[in-house]
Structures are given as structure tokens and as C-alpha cells.
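Two complexes are shown next, each including chain A; its partner changes from chain B in the first to chain C in the second.
Take a look at the complex of A and B:
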């Protein structure tokens, strides 16, 4: 297991280098000028040129990237061009909000998706199965912002049950924290729920048809024992893989959902950073998001080893 | 200093379909109108396909707030919760990149002068200001009863420290505002002299903005991080700031003007999405919110009061008059006469705007009687006459991509120009590339916003002086240069008026830009919580001084 972890961690290094290089190049190649924004409307051409030089924005892209990388490997992701805040500090302020949203969405996905997939698999070919499949297809087809808007109209505006905008920190008021999270997490969690339901249903249907399942039943095990001990564990790899991939999608989806619900998380920060061409901040957010996705992927890989000893050996 | 190219952002009207009616039926039965439901849903679409930040809008004529005023007395221990469309990049006034961020400055920092609701300069920390006869200095007389939040007394030395801080920060977005200031001389604790390299009539107005916001010298010397921490002497102390998200303030009990802090706590949440702001108002999360024109009716339907104010804000086509066929003044005049501004006001701004021909609205002291809003009448025949015998005219115009109402706006302008035989090719551009694209001469014209400045000279410096970043022609007609210089040199308003009006006349006659409308500034407020609210007539700012709750 230690070797597996070590290999996975080593694989992260080139991935992070490629991610950082690509994002740096993309931002640099896209037209736009942070110096013009920083200079303000009353700046003269000379003042903007001075700002550009002061920030090093007039240096070749390779020089800028290597300079950034040299600091990044020491844990210094630089400072925002616009707020002068340390990039890690700015991300640290927003990350808990977005992570809470993402984890909450995955909780919604697990709570809705796994029972639905299980129920559909156990009723394969019946109306329950078809209904759940249709529901999952519907969830996959509807954009999360649309779900969010409908939830706001119905739940918040019409009935006033839950807040429509904003976010309250857990430390400030746990009850309000929960109330503010419910709708955005549902909006963000429906698509992963559908994916989980479909993945589990498909995997479970396959496992239930295996000979060893009949053997387990034939030797007298109770139905729930057969399901939990033999079927679910063997069918779990597909949905767990789905959770890993869905985490990245949920992080991306939070950009839109945060806008709809007026939540100031990492999504809102990245939009501002991109619009302002705040290169250090964009780089920082991309790197942190990539690290998060890598961590989840490693966790998923490790779970394979737990679920299937053959993976550990491989 | 206002953002030149802040797009309005509002969901586009959605088409009506029978299927949609059926799908929305349960929601419609809940009491929301079909139109409002569609608007809410459309906003989600706009969120995805459009630039999801930066909303700024206006509309309609009229003024004041007072509709539905609450009868209950003000609650001095109450909290005013406001949502605004812009989030500051820093809470340090001299690092702010956009003029409207002053909405976050005013609660915590006092400025040397104050811009009143009509855009006029009034005393604040400076009770009077006098120019030297030769314009070589501006002497400020200061209040003696002011303390910063950290207990440091405010005096002439504090002014010197602050002005020198701006002068010593060449990368500050507001450095150019003090371009004529060369130094500061402390005369006595309540008198300070700004040394000038020439007369600058705009200086009193400038001192009511970021450059005039006074930071405690103690905070500066002790390294307080002004990006997120308090350093002012204003009516409220900053207690919690998360950049891009919110700024929360609490009353400063030692304030020299107690009624200015009408609530115990002031909370400003930055929410870029217009529909999210309106939802927050509908559900009671906020007392006061910035509003866009298409939200006026939904806000009224939700029982909110509307505060609407005419302003110095305009939407125009900035023309690079050194490029292609736009070099010809007759071509520019033909363009200016091609637009039906009344139709634009009705169809794009829902009546919450006024037609514009000059850079200043008729009610403002700097406007010219020779350039009323109707100066460029909708006259297709005249446009065609001006173009007679010329090669077919075509030009490109950039506009903020995906930011309502600019796409619709550009399409309407394209059609109106086509009707007089001009081919205009609209090109959507990311909002933060607009300025660069235009100022570096890579396009012919730009559709965007401007104005929102409390002094005409500041506007001229931004758009029309030779070295202005937003003057891609990098030249100025000699008569205009002379007139604009006159607006700086005449330090008495009555004497300035003729120079300002002369400048306005030249700009309009030469069609150096094509003003289209003056949007009104709109806010929604809860009438049972906020007795009244009056927006600034300078632009889409959010003044909170003296605003109370019941």
C-alpha cells in the first residue's frame, strides 16, 4: 500500500507542472492587460507602461513562468496584482466555502444517487427501474443553474423556507450555515446523483448476475448479507470512480452555482481573476484546484486497493 | 474616476411558449407572474453564457427615494444590510481600480471634501479651500475636532502624509488625479497648502474621492494592512472585510458628525448577479440593493420601493476619429444623426434613461445650452445627405461580450445605421479587454459607459486629452485642447463655465464621441425598513451616510 501511495504521489509532480505551464501560457496568450485595469481610467499611456514594467508584465513569458515556478516550489504563490493579498491567503478565505459546497453536493449525490441506483438494480426491468433511469436522464439534462433558479423561485421566493442568497460561516451560526447550503448543494448535487445512480445500477446488475452470487444465496446467506457483503463491495468501484470524477465537475460547476446563489467562493474569485488577468491569482487557484482533484483521485485509487486486493498487487 | 466600460447586466427577455407555460404552471400558481419567473430563469442563462461579473445599470428619469416611507422611528442599534454589484479589489482607497468602489470607502474614510448628491463639492474635513491668486497653491482649512478610529488626531500633518503617499505611489490608479500637485506644506495644525505646478480647478472635486480619503498616519507608519483593515476616521469602523465578498462596518462612537452613522452596523455584500441581488431583497436578506432597469417592475411587484436618480453617467460610442472613414467629421455626424435615442431609451432601458447628445446632461452645470439632449436628432435623411457622394461607410464597433443589454444595444445600433446606409460590424469582446482593444487602436469604435465623475475636467482628462489612455487617436483638436486647458485654469466656477461649455460644444460638433443615453441610477429598498433612500446623481455609487433603518 505504501508503494502504491508513493507511486501515486510521484505521478502528481509532472501533472502539476503541466497544469501550471498550460494555465500560465493560456492566460498569457489571451489578449488583455492587467496594467490598463490597474492604471484606472485617468491613467496616461506612460503611466500604464510604467505599471506594466513595475509588475514585470513586459518580460518574456518564459522568464515570468520560471520566476513564478521558482517561488511556487517554495510554497510562495505570489501576490494578487489587484489586491496585493498573498494568493494563498485569498484562496484560503474562499476555499472553505467552495469545499463545503462541493462536499455538500457530493453528500446530496450519495444520499440520492446510491439508494436510487440500488433500488433500480434490484428492480431491473420493472417500472421502478425505468422511472429511476428516466429521472437520472432528466437530472443529467438539466443545467445546475436552471435547477438553482427553480429552487430559488419555489423554495425561497414563493414559500420563504430557505434563503436565496449568500453564505453564513459554520462558526458564525451553524443553523444558518446549513440553511444557506441546502439549495445550492441540491442544485450542484443532482447531476452527480444521477451519475452515481446510473453507475451503481449498471455495476450492480452485472454483479448480481454472477455465479458467485447464486452460490452465496445457495449456501443460505440472507438477502441483505448477499447484497452488502458480496454484491455492493464488488460493484462499488464504478460509483467510487464516479465520485472522484464528479468532484472535479462539482468544483467547476460551483463557479456557476455560486453566481446564482450570490455566494462568494472560489468560483467568484476565479471569475474576477480571469476577467482582470490577475495571473498570480489564476495560477494559484488552478494549482490549488488541481491539487484537490489529485488528492481525491489518489483517495479513489487507494479505495480500489481496499476494495480489490488485486489492484494493490498490480 | 468611473469605470468607462461597465456593462449593464440583465437577463434578456425570454420568448413565450405554450410548453413553458405548462412547465411553469405550478410556479405561476405560487403567486409569481409568468414574466418574473421567466426573468429569474433567464438570469441563470445569462449567468452561464455571459460575463458573470460586473453589473451596472440605470434608467428612467426622476429622483429621490421616499416612496413607501416607513412611519416607525429609526433604530440606532439596527443593522443596514445592503448588496452592491461591485466588489472592491482592495479597501485601501488609493489602490482601488474603479471609482464606484468609493461606496466601500465612504463609510470608513472621511475625505477632505465631499461630493453631494448633486455632484457638487461640499466641505468635509476641509471646511474651506482657497486658491492662490496665481493658482500655484490650494490652501485647505481643516476641521479641528476629528480623530481617526485609532485615536490619532486629524490635522494638517495627516493631510501631508496622505497626499505624499499618493504622490509617492506611481502605480496607484488615482495618482493621475493629483497630477498638478507637487508638494504639501503644513502651515499650522488646521491649515495645509497643496503646492501646484499650475492651476487645477478639478482639485476640490478630486479631494472628495479616493485621493482625498484620509488614512491615519499611525496606521500607515505601523504597517496596518489597509487592503483589508481599517485606517480611517469615518462614521463607521471596518470590522470585517473579505475582498470580493463583503465589507462589514460598525459605528464609530467618537465621530464628529453623529447623525452620519444612523445604524450601529452596516453590512455591504458584493453580489455580481443582478437576479441574486433581487432574490436577496425579495426574501428579506437585504434592506437595500443596487438595481438594473429590467428589475424595476419585478421589484415593485415584490413590494419594494424604488429609488431612481438622474446621473452624470452616459452610454456612448467612443470613436477613434483618427482611423479609416471616421476621420471625416461628416461621417461622424451622419452616425450621430442615425440613432433613434427615444427608441433606445424605451426598448433597451425600459424608460429609465434620457436621450443624450453631449457628454453632460442638461441639468448639470457643465452642460452646454448649445448641446441639449436633442442636439443630435434622429434624422436619417440628414445622415444620408451627409454621406451623399462618399464611398460606402463601414466600421467596426466592439462591445462587452455577453453583458446585457450591450448585445441587444449593439444589434439595435447596427440596424439603425444600416437604415442610413452605414455598415457597422459589432464585435463582442471580453469586458476586460475592451479598454486595451480600443485604446491600442485595434478597432474603430467602442460601445460602453462613461462619465460618473464629479468634475468636467476629470472627464476631459479621461477621454479627450492627447495622452489619455482612452484617446486612441493620441491627438486633440487644437481648439479643444485650448478650451480644456481653460477648464483647469479657471478656478472659479462662473469663469470655468464658458471654457467647459466651449469644450462640450467642440466635442459635440466634431463628434469626437457619440453619446446615446444617460441611464438613471436605480436602487430598491424595503419601505418597512428603510424610510427613504436617495442615490447619488454622480453615478452608480451607493452612498450610505445617514441612511437608517427602523
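Take a look at the complex of A and C:
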């Protein structure tokens, strides 16, 4: 198990190098001159050149990359071109909001998707199964911002049950924090919920037909022991992988959903950074998002070792 | 004069010892696509405490279906019991709720299966899988359940049981996994053990060991056993009495010696003839049963075996044949009623020549 963890952590290094290279290269390829934008329309050529020199934009790209990488490894992602705030600090301010939203979306996914998948598998081929399949297909085909807008119109505007926009920190008011999170988390969580339900149903249908499930029944275990212990642990690999993959998509989705619900998280920061061509900030956000996704992927991989004892040996 | 009623009472007491299991008039139907087919028709037998009943038949004869019906393990969505009673220890299992049935399964009645390689859950240690059964039915502490687990694993011949209890199923061979399954079935000392082809999937050398173990454990615990197999050699080895099934019906019920000496049903006779090592028919020739066993939903009218039976007559093709008592045996065959048109069934072997142990060395084959 220790070897599995070690191997998995080593594999992060090349992935992060590639991500850093791509993010650096992509931003360098984007048309437009940060120095010119920063200087504004009235800036003189000399002023722009001064800005450029100040930012090191004159140096060859390889030198720039290596320098940036060296700082990044030590946790210094540079400073924003506009606010002059350290990039890591700017991200740190927004990250908790977006992470809360992402985790909340995954909670919604589990709360909806897990029972739906279980129920569909247990009633395979019957109307309950078909209803859940249709619901999942529907959830997958509706964009999250549309769901968000419908939720705002129906739940907030028509019924006034929950606030339409904004965010309250947990420390300030836990109840309000929760009330503000419900709708955006549902909007973001419906797609992962549908993916989870489908994956779980498929895996469970296979597991329920296994001989060891018959053994579990023959031992006289309670229904919940049979299903939640013996079946779920064996069926969990595919759904957990799917949820892990969904985490990256939820992070991406939060960019739009934060706009719909007027939440200033990482998504809102990304939009500002891109509009202003704030290169260090864009790079920093990409790197932080990649680290987050890597962490989730490692957690998913390690769960395999727990779920399937045979993986531990390999 | 006064002694005679007492004697009579004693006899009737002996014969009315409450059986551990009594199956009466069991009917089961399955969904096959859009129609429903009867897979078990009027299946009945009983097992006395400490007795081993062999249940023999070809694939599709309904023997496994019968075992599953007793355990309440019929496929929930596709099979249903449409009639009969399954009385275990005086309780009709068919009248119980699923919840009540779960209390009994693994406790009063336990089952071991044909597929040792896949019957254990790969995600949990074998000790965990046995201990959870003990905890479920005995309600003891985790520690006590684990102690019982190690004890029962060691009873079934697993060396270093303490250490091996923490191993996963993939770390065991097929024969060892079947030992684990046996330990799991016996951990709560059931009154009845159902063994469904427990040695079929194992290597021949391991088969004998596992069979010995089952026999030994049965004697040690004094439990009754329903031993399901297609293998007459194994039947000769373990059973006291034998029920032969064909096309969802019981066609013969005999003591094990009677079954081999004078099978009362032509199907039993054909099964014996198709088994190497029994000196029936010309030396060295194995007789196979012509044709295929009928599929559920496609059982012929009259005797269900008549199309493949060498003795079949007109009377066999018109109406269902009742189970009739012939001496100590029961058979679903008209040969034992007065049918002048056919020769009587003969004893396969002279009474004192057959020794069931001989059958052990023979390698039986699945009749076709």
C-alpha cells in the first residue's frame, strides 16, 4: 500500500510539468500584448516597453518559463499585472468559495445519484429503472446555467424560499451560508448526479448477479448489509472514478454558475483575469486547478487499493 | 394383548419423528421472456434429523431450483413459488416474510455452492465474511465472533487459521475456498446443510478431500444434509436416501442401496447405465440416454421421460403419472402397476455384489 502511494505521488510530477508547460505556452500564444493592455490606449511606446521590461516579457520564452517554474515550485506564482496582489493570495481569497461550491455539488451528486443508482439497479428493466434512466439523460443534456436560472426563477423569485444570488461565509452565518449554497450546488451537481447514477447502476447490475451476492443472502445477512456492504464495495470503483472525473468538470462549470448566482469565487476571478489578459493570474489559476484535480485523482486511485485488495499487491 | 398397542405406538413414534425439513407439493414457475414456465411440479420429500438425502438429476431437472426454493434464494424478479409447503423445523418457510427468512438462513439452514472460486466476496477477508455471519445470528461481540471464526476455520482443516482468517479469497486455492465456504455455512451449527454440487468444480483429488470433510462435519455436528449432485458416485458415498428428479418432478425416492440394486424408475436405471464402473450392460460399454432432457415449459404430456424411455407404452403418453409406493421405494412409473405389455424392470446387479464403495473409484460422467 505504501508503494502504491509512493508510485502514485511520483506520477504527479510529469503531469504537473506538462500542465505548467501548456499553460505557459498557451498564454504566450494568445494574441495581444499584456504590456500594451496594461499601459492603456494612451500609453506611449516607451511606456509600454518599460512595462514589458519590468515584467520580463523581453526575455526569451525558455528563460521566462524556467524562471517562473522555479518560483512556482516554491509557492510564488508571481503578482497580478493589474492589482499587483500576489497571485497565490488572490486565488487563496476566492478558492474556499469555489471549493465549497464544488464539494457541495458532489454532495448533491451523491445524495441524488447514489440512491437513484441503487434503486435503478434493484429494479432493473422495470419502469422505475427506465424512469431513472430518462431522468439521468435529461440531467445530462440540460446546461448547468439553464438549471441555475430555472431554479432562481422558480425557487427564489416565485416562491421566495431561497436567496437568488450572493454568498455568505460560513463563519459569518452558517444558516445563510447553507441557504445561499443550495441552489448553485444543485445546478452544478445535477450532471455528476446523473453520471454517478448511471455508473452505479451499471456496476451494481453486474455485481448483483455475482455468486458472492448469493452467498451473502444465504448467510442471512440483513438487506442493508447485503446491499451496502457486499454489493457497494465491489460496485464502487466505476462510480468513484466517474465522480473523480466530474470534479474537474464541476470546477470548470463553477465559472459559469458563479456568474449566474453572483458568487465571487475562482470562476469570477478567471473571467476577470482572461478579460484583462492578466497572464500570471491565469497561469496561477490553471496550476492551482490542476493541483486540485491531481489531489482528487490520487484520492480516487488510492480508494481502488481499499476497494479491491488485489490492487494492493500489484 | 396389552403389549401390542404399546409396540404399535413405539413404531409410529419412530416413524413420526419430526423431520428437519419437509417439502410438500412444491410448484415453482419462472418467467421465460413473455411466458411463464413450470420448473418444479409437485416436488416433495423429507429429511430426518441427522439424515443425508441425495438429490440427483441432470442439468435442468430442477434440483438446484429446489435447493434455492428452500433457501428462499429464487431469483426475485423472475421466479415464484406457486404452491406447496417448505417446512423447516416445524415452520413453513413460504409463510415467512423476507425479514424472518433472513433470520433463519445461515442459522438453522445453511448452504454451500458449486462455485467456490466466485462464491466468496473478493473485497473482504475470509475471516470478516465468516465473523459477520456469526455476529448476525449469535449477536456476540466482535472478539467472540472472531474467535469462533478461527475455530471453525481450523475445524475445516485450514492450517494457521488465525493468520489465514485475515487473508483475502484470492489468496486461497479452489479447494481451500470451498473449505472456507463450508466453515461459513457451519459457523452457526445449522440443523440442515444444503450442499449444491459442492465438489463438482474441484480437481478430482481435492474432491475426495472436500467430500470427506463434509461427511466428517455432518457427523460431528449431527446435522441433516440435502446433497444436490448429478454425480451418482458421490451420492453412493454420502447419502442415506436418494431423490431422483427429472424435468421438474421427483421420479424416484429410494434408500441408497435400493437405488443402486433395483432402481424403480427407468430414468434412474438409465443414469446408472450411463455411469462407468457399474457393471451393467455389455462390459466396457457405456449406455447413454437417447435424446435431450426437455426444457422447462416444454415438458411432454404424460410421463415426462417417455420420449427417452425404452419401456414406454401408450399409457405413458396420455396422462401425468402419479408417484406410487413400491415396497420401500417410491416411483413415478407405471411399470410397477399391472401393465401386461412390458417386461418388468430387473435388478441391475445381484443383491450382494454391489458395494457402494466400489463406485467411489469410478469416475462418473454427466449423463447426456
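Going forward, the second predicted complex is superposed on the first by the 312 of 314 C-alpha atoms of A that agree within 3 Å, B and C clash if a C-alpha of one lies under 4 Å from a C-alpha of the other, contacts with A are read in each partner's own complex, and residues count from 1 in each chain.
Criterion: a contact is a pair of C-beta atoms (placed from the backbone, for glycine too) under 8 Å apart; a residue touches a chain by one contact, two chains touch by 3 or more.
The structure presented is a predicted model; accordingly, all values stated were derived computationally and were not measured.
Peer 1: Does chain A have more residues touched by chain B or by chain C?
Peer 2: B
Peer 1: Between chain B (first) and chain C (second), which, if any, makes contact with A:261: first, second, both or neither?
Peer 2: First partner only, chain B.
Peer 1: Output check: A:47 vs chain B and chain C. Expected answer is one of first, second, both, neither. What do you get?
Peer 2: In the superposition, A:47 touches chain B alone.
Peer 1: Considering only the touch criterion stated at the top, classify A:134 as touching first (chain B), second (chain C), both, or neither.
Peer 2: So A:134 meets neither chain B nor chain C here.
Peer 1: Who does A:275 touch here: chain B (first), chain C (second), both, or neither?
Peer 2: In the superposition, A:275 contacts chain B only.
Peer 1: First (chain B), second (chain C), both or neither: which does A:211 touch?
Peer 2: Second partner only.
Peer 1: Touch test for A:150: chain B only (first), chain C only (second), both, or neither?
Peer 2: first
Peer 1: Flag every residue of chain A that touches chain C in the complex, lowest number first.
Peer 2: Per the touch definition, chain A meets chain C at residues 124-126, 210-212, 214-223, 225, 229-230, 233-234, 307-310.
Peer 1: So in the complex, which bits of chain B are touching chain A?
Peer 2: Its residues touching chain A are 1-4, 26-27, 30-32, 37, 40-41, 43-45, 47-48, 51-54, 83, 87, 89-90, 95, 97-99, 170-171, 173-177, 227-228, 242-246, 269-273, 275-277, 279-280, 282-285, 430-433, 435-437, 439, 458, 461-462, 467-470, 474.
Peer 1: Which of the residues in chain C end up touching chain A in this complex?
Peer 2: By the definition above, chain C touches chain A via 71, 73, 77, 98, 101-107, 110-111, 113, 115, 118-124, 129, 132-133, 136-137, 168, 170, 181, 184-185.
Peer 1: Where on chain A does chain B make contact in their complex?
Peer 2: Residues of chain A touching chain B: 31-33, 36-48, 50-51, 54-55, 80, 82-85, 90, 93-94, 143, 145-146, 148-150, 152-154, 156-160, 163-166, 255-256, 259-262, 264, 268-269, 271-272, 275-277.
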